[in-house]
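So that you can tell them apart, the chains are marked A, B, C and D in the order they are listed, and the count of residues begins at 1 in each.
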Amino acid sequence: MAPLIAARGISKQFAGVEVLSDVDLELKAGEIHALLGENGAGKSTFAKILAGVYRPTRGTIALNGHIADIASPIVAQKLGITLIHQEPISFPDLSVAENLVLGRTAGAPLARVPWAEMAREANHYMHLLGVRIDVTRPMRGLSIADQQMVEIARALASDSRLIIMDEPTAPLTPKEVETLFGIARRLRAEGRTIIFISHRLEEVRQICDRVTIFRDGNKIATEDIGNLSDADIIRLMIGRPLKEYLHKSGHAHIGELALKVEGLTLPGVFRDISFEVRKGEIVGLGGLVGAGRTDVARAIFGIAPAESGTIEVNGQEVSITDPSQAIGLGLAFVPEDRAVAGIFRTLSTEQNITAAVPWQIAPGGLIRGALERAMAQDSVRRLRIRLASLRQPIGELSGGNQQKSILARWLLTDPTVLILDEPTRGIDIGVKAEFYDMIGELAAAGRAILLISSELPELIALCDRVLVMSEGRITADIPRAEATQEKIMSAAVPQAREVAA
Amino acid sequence: MNAESPAVATGHDAAPPRPRWQVLLIRPETMTLILLILGVFAGSLLSPFFLDINYILRSFTLYSEFAIVALVLTMVIIAGEIDLSPAANMALSACIFAWLQANGMPIPVAVVLGLVSGLAMGAVNAFFVIALQLPSIIVTIGTLTLYRGLAQIIAGDKSIRVPEWFIGVDKIMLVGIPLPVVLFIILAIVLGVVLGNTIFGRQIYQIGTNDVAARHAGIRSARIKVGLFLLVGVVAAFAGIMTASRLGSVRYDLGLGGELQMVLMAMLGGTYIFGGRGTILGTFLAAWLLVIVSTGMIVANVLPAVQLVVLGALLIVSIIATNLIYSRTQR
Amino acid sequence: QAVGHNFKVVYIGKNTGNPYFDSITGGFEDACKQIGCEFEFVAPATAEATSQIPFIEAQIQRGVNVIAIAPNSPDAMNQVLDDARAKGILVLAVNGDLVGNESHRDANILPVDFTKTGPNQVELMGSLIGYTGEIAILSATTEAPDQNTWIAAMNKTLAEDPKYKDMKLVATVYGDDQPEKSTTEMEALLSNYPNLVGVIAPTTVGVAAAAQVVQSRGIADKVHVTGLGLPSEMRDFVKDGTVKAFQLWSPYNEGWLAAYFADGVLNGTIKNEVGQTFEVPNLGSITIGDKNVMNTQAELTTFDASNIDDFNF
Amino acid sequence: MNVLLTLLRRREAGIAVMIALFCLAVGTVKPQFLTLDQMRIILLLTPLIMIGAMGQMMVIVARHVDLSIGSMLGFSAMVSGMLYRFDATWFGFDVPWWTGVPLSIAVGALLGFGNGILIQLFKLPAIIVTLGTLSLYRGMTFIISDAKQIDRQWIPSEIKGLSQTSILTIPKDFPIAGGFNIPWIVIVAFGVAVLTYLFLMHTRIGRQIYALGSNPVAAPLRGINVAAVTLLVFTISGALSGLAGIMYASRWGFVNPSNTGSGFEFQVIAAVVIGGVSINGGVGTVLGTVLGVLLLGCVAAALPLLGIPGTAQSAIYGSVILVALLIDRTVRRQGIASLKRVRA
């Protein structure tokens, strides 16, 4: 019998960057199939191609042996393929129930909207998932977790034969994860197929039958889960054993206090955040998406200041209500979302690099082209930024090089405290390794570093201490020696905290 | 460009750069210039009386007030905001000025107060847009109605005269060019330098391209935007008072519909309505284009109807071209 | 210096699409056919105060001999009109004058003697309401110079002529020559003055709006509307009895007179001086009144069911 | 607390209160403002704006804006007017009185479709395109009409009758409200509002308009045909402008190439904004818009009654818009605060 899905030689390029090359993959009916791989390995891209979000640059996809052209999400929907996006997508002004049924292909444009049935159905699935939300309320303001749950409910309701879940569990609590898995098993029993993308091996082991491992856009292996040890999987994922590529930058000597935060609180977002970072120290800040880490960073940097609590920089208590003040005090912040908070897409790379140090390039107000060029050039050389010309719009650079340019921008300010929010998100493995080296060097050069990351290996390997946030509170402060994935996860997840207490 | 040599280790992930000549020539301003030249040709074909530099200069004075404001408006639009109220602002500050001097206030004081009122109107816009974070397009549609209305309350629909000696800026000639045109050219040069070569200008582009990123980079976008709204306000007031001097009298409907003219100038010059792109040069050229086209048609006694059609078509064509050009440089 | 009869005359209307100017233009055209001059009509898209200026500039540039204009503003064009006259162009205000700025034009051609308009209108209204009852005036804008002269005259007549002692003017409101505004003002009049018996609207937009309100409320028997209107716009109201009678003059003759006057002045056969008299075909002898104002006819023409169909403008 | 919040968030409540207060205030000074008769006057002031506002609302909910409605109104009214004026010369017979209605709607729809095509095909910002067509369509109106007005004698009396006669008329001798009637165009306007409500709230495509405005990026991922929806809203906006066009001919009894519809866009956008439709798309209700229109109507009717000179009108409109924006702002503040609460 032909497999449900047979992908052949799937390749995908973005602006000349190949992010997937010749991926072959077969999915059986009634299996739960894991996709594993480092960030940026190409998992989501592959998923999106199956779901008709992207067209592959090359390659074919066969459904039950027939070549299918999945030209758009609508087509995918009609073919019975549903994707739960990694970042839940929602229509904030529409009700939860509407978000749940929106995009159903059935019905003419002028068909009546069955509000009552809609609500009933939505309630049914919400109950199934054990979530208590008023389905008539607008989506706006739901927590990321709840938004994710609505996404899942939507997938279930669409009754597709292939459901792709892209890191669905990232923001969920273990209890929610359990419910989800229960449902997943039942779907499998019904003969449906599920693609399950996750960074958490233990989850994969719990419910998956087979795993496919991606690395740098290539499919490395497809195996029954039973045949692989965690070590094997990690080796396959990153090419070489973990410890080698995450070398610990132990030798940086830890100096005096650089940043001290005391009882920082922003009602409804985070509360009573206290910690300190010393010169030469790398302090990790872990937790689930939506835990409030970014908001803490934003508060310290004066973008969305906290309402109470104190901040000390180099022993001086300071009040920071605007990033320009933070910069003056020697703080720097590489934001989590490059496209939104980082780059000026259409402007030249050199402009992007020098954006934070205007007065250095324009002594006396008039911009000195040569001066700017020289500074940008120097950064490009030091950070090994790959570009064709400094005049190139930064939007034309690859993600990794964009990220390097943003880092370069901040290094030009010669900061004493460097806050990095998910600095390696969506960056390919080679550049990633470079970043780890750089972070180490920066610490060694005596800068204090606060590293926000959702990637446990990263935190464990790089940080001298790992703080963990959950629901807007710091729930753990783990010294390097004791830092393990388990410890961090259990602190990151709300329930676990109650258990511990 | 040996400075760039080390960087030209072009990786698989870096797209090749666009050749220099493209960077220089494929820009909206080029298109505006071409249209301008075509306009001159068309004009001289349409009417034998058209091609007379003095006539064109004289005609430009009729649009010079709008053109001057359009230069500042360009910066506002590049910064990602828009202001539709300047024309109404011109009317109100001109009325305030005229009313004050008609009621015995010495002209210089009246002028100053007129400018101050313009500044105040800019401040009101800034308050709603920046402090209350309301969309500038709607806010300024509101204030445009309000300012025009206040002007109407002050002046009724009679016109307020200004003294003889104050009349006729447009008759003052510098090297054979009417003063308003000279002012326009000077302002264009100044703002061109500010926008192109100073930190302030640089940051205007950055705010317009990505306000969030700009704030993260320590750029005080709110301050800059407030500054721009104030600048438009005071310049509009200046333009209004200049109009009063040209016409010799002030009515509440002074500069009626000017906001569209101003936006038109900016757009024809290749300024991108959503911010981040555009140049003073473009608006400068577009102002001339607009004058050439309208006066060319008027002197040829072309129906005003046709003029409306041509202007509308021009705007759409130019925005399409601009978009194509930008999407090309976008990739 | 005689320029001959093939001179260039241009008429600048208030705005395009204004039916009133079609018939003035007709007068110019026919006269120029007779005389042999070149005539052109231009007008801005909107009747805003400064919108005529570029057109005047353009005409100067085109070297026309005569600029006839229906001014959108009594003073906004002073400067540019002076430029024109400095270039030896004859500047005539036709239908509407530069009130208070007469020195900026050479002569002014008005359809009738405006001092008689007020009394004429009052008499017409009186005849409709039997010379008794409350009446109101619905005018154009508060500062419209012509309307204000007429309104002043009406007040004077009502106050001084014993014939009208029982007619009481209760209100004067302004519709700004916009249909919407005029209508709401008319409605307000009716609710504010329940025993109103007549409304005089000395403006074409106003009288049509007022008539329409009366028609839609079906109170034509109670409230009489009259004023200055265009037959083409009022015809229906006269036919269905909403309006018994209204008045106007012949715009056509304004154009006709203007063209002949210009021809005479340019060729020295007419001296543009107060008190001068000259003959114009179909109009007979015309006298140049003070401030160089001249009229095509003495009294207003009254239109009613009997003659409305004889007029096509 | 929460109850208060939800009440506050009901934008419509706010406007309703504003209207009530305003009417009472005026009523105390001028009692006749609170009569049925006056209500009829107010109602007669609103139909065109109401019809235009329904179209504009859809466009704005879809995160666009249409500045060309005034010119579309003028053009479509002119086409019908010319049909009535010249039908005898063109076809040698008089067309039935109602032909102008479908004609205007069709012409308007065509112009609106033109806007949509430019915007969707070339991916242009609606505000600029419609700014262009604002002037383009107006010019075309002048050209086709040779800048000549269509006088009332040419507009069929049935058309003019639509703004006078009515289905429900209380007999003259009836004790209360004798002779009170609601003219057809008012009924048509409210009919359009009801249809718009049904369309936006109870059809799939209607909801897709909200979805598109609420999150344009995600819309295609949910299988929403962005091109189709965009074209649709602009076509509807055009069609309704066309309807408003023939209504204009009915209400004012003439069609003028320059006046007819000029400035319409500002009145309509004002009404829509006052009605609480968010310029950022995705938010807005028919009820709110209707109330916004009525508020403007009350203001317009009250001014002459109070003897406030017309010169003060636009200042008052401007203030009303800004006040509405302020209210909107504070309400949204509440919204954001509650959102943050949800998270912790």
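In this text, a contact is a pair of C-beta atoms (placed from the backbone, for glycine too) under 8 Å apart; a residue touches a chain by one contact, two chains touch by 3 or more.
Keep in mind that this is a model prediction, so the values were computed, not measured.
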### Of all other chains, the one whose Cα centre sits farthest from chain B
A
### Selected interface, B-C versus B-D, where C-beta contact pairs are more numerous
B-D
### Task
Using mean C-alpha positions as chain centres, tell me how far chain B is from chain D in Å, no decimals.
31
### Distance from chain C to chain B - Cα centre to Cα centre, in angstrom
39
### Message
Need the CA-centroid distance for the pair chain C / chain D, whole Å please.
### Response
35
### Query
Using the average of all C-alpha atoms in each chain as its centre, how far is it in Å between chain A and chain B?
44
### Summary
Residue ranges of chain A touching at least 2 other chains are none
### Summary
Shared-interface residues of chain C (touching two or more other chains) are 16, 43, 45-46, 142, 176
### Summary
Within chain D, the set of residues that touch 2 or more other chains is 138, 142, 147, 257, 309, 311, 313
### Pairwise chain contacts under the document criterion
A-B, A-D, B-C, B-D, C-D
### Query
Which residues, counting only chain B, touch chain D once they are in their complex?
128, 132-135, 137-139, 141-150, 152-153, 156-157, 252, 260, 263-264, 267, 273-274, 303-313, 315-316, 319-320, 323, 327
### Task
In the complex, go through chain D and note every residue touching chain C.
30, 32, 35, 37-38, 41, 45, 138, 142, 145, 147-149, 151-153, 157, 163-164, 183, 252-254, 256-259, 262, 300-301, 303-305, 309-311, 313
#### Entry: Complex contact set, residues of chain A against chain B
15-18, 301, 303, 322-324, 326-327, 333, 335, 340-347, 351, 355-356, 358-359, 362, 365-367, 373-374, 377, 380-381, 385-393, 395-398, 400-401, 409
### Residue ranges of chain D touching chain A (in the complex, touch as defined)
201-208, 210-211, 213-215, 217-218, 220-225, 282-283, 335, 337-344
#### Entry: chain A partner contacts - residues on chain B that touch it in the complex
1, 3-4, 6-17, 23, 197-200, 202-203, 205-206, 209-210, 212-220, 276-277, 326, 329-331
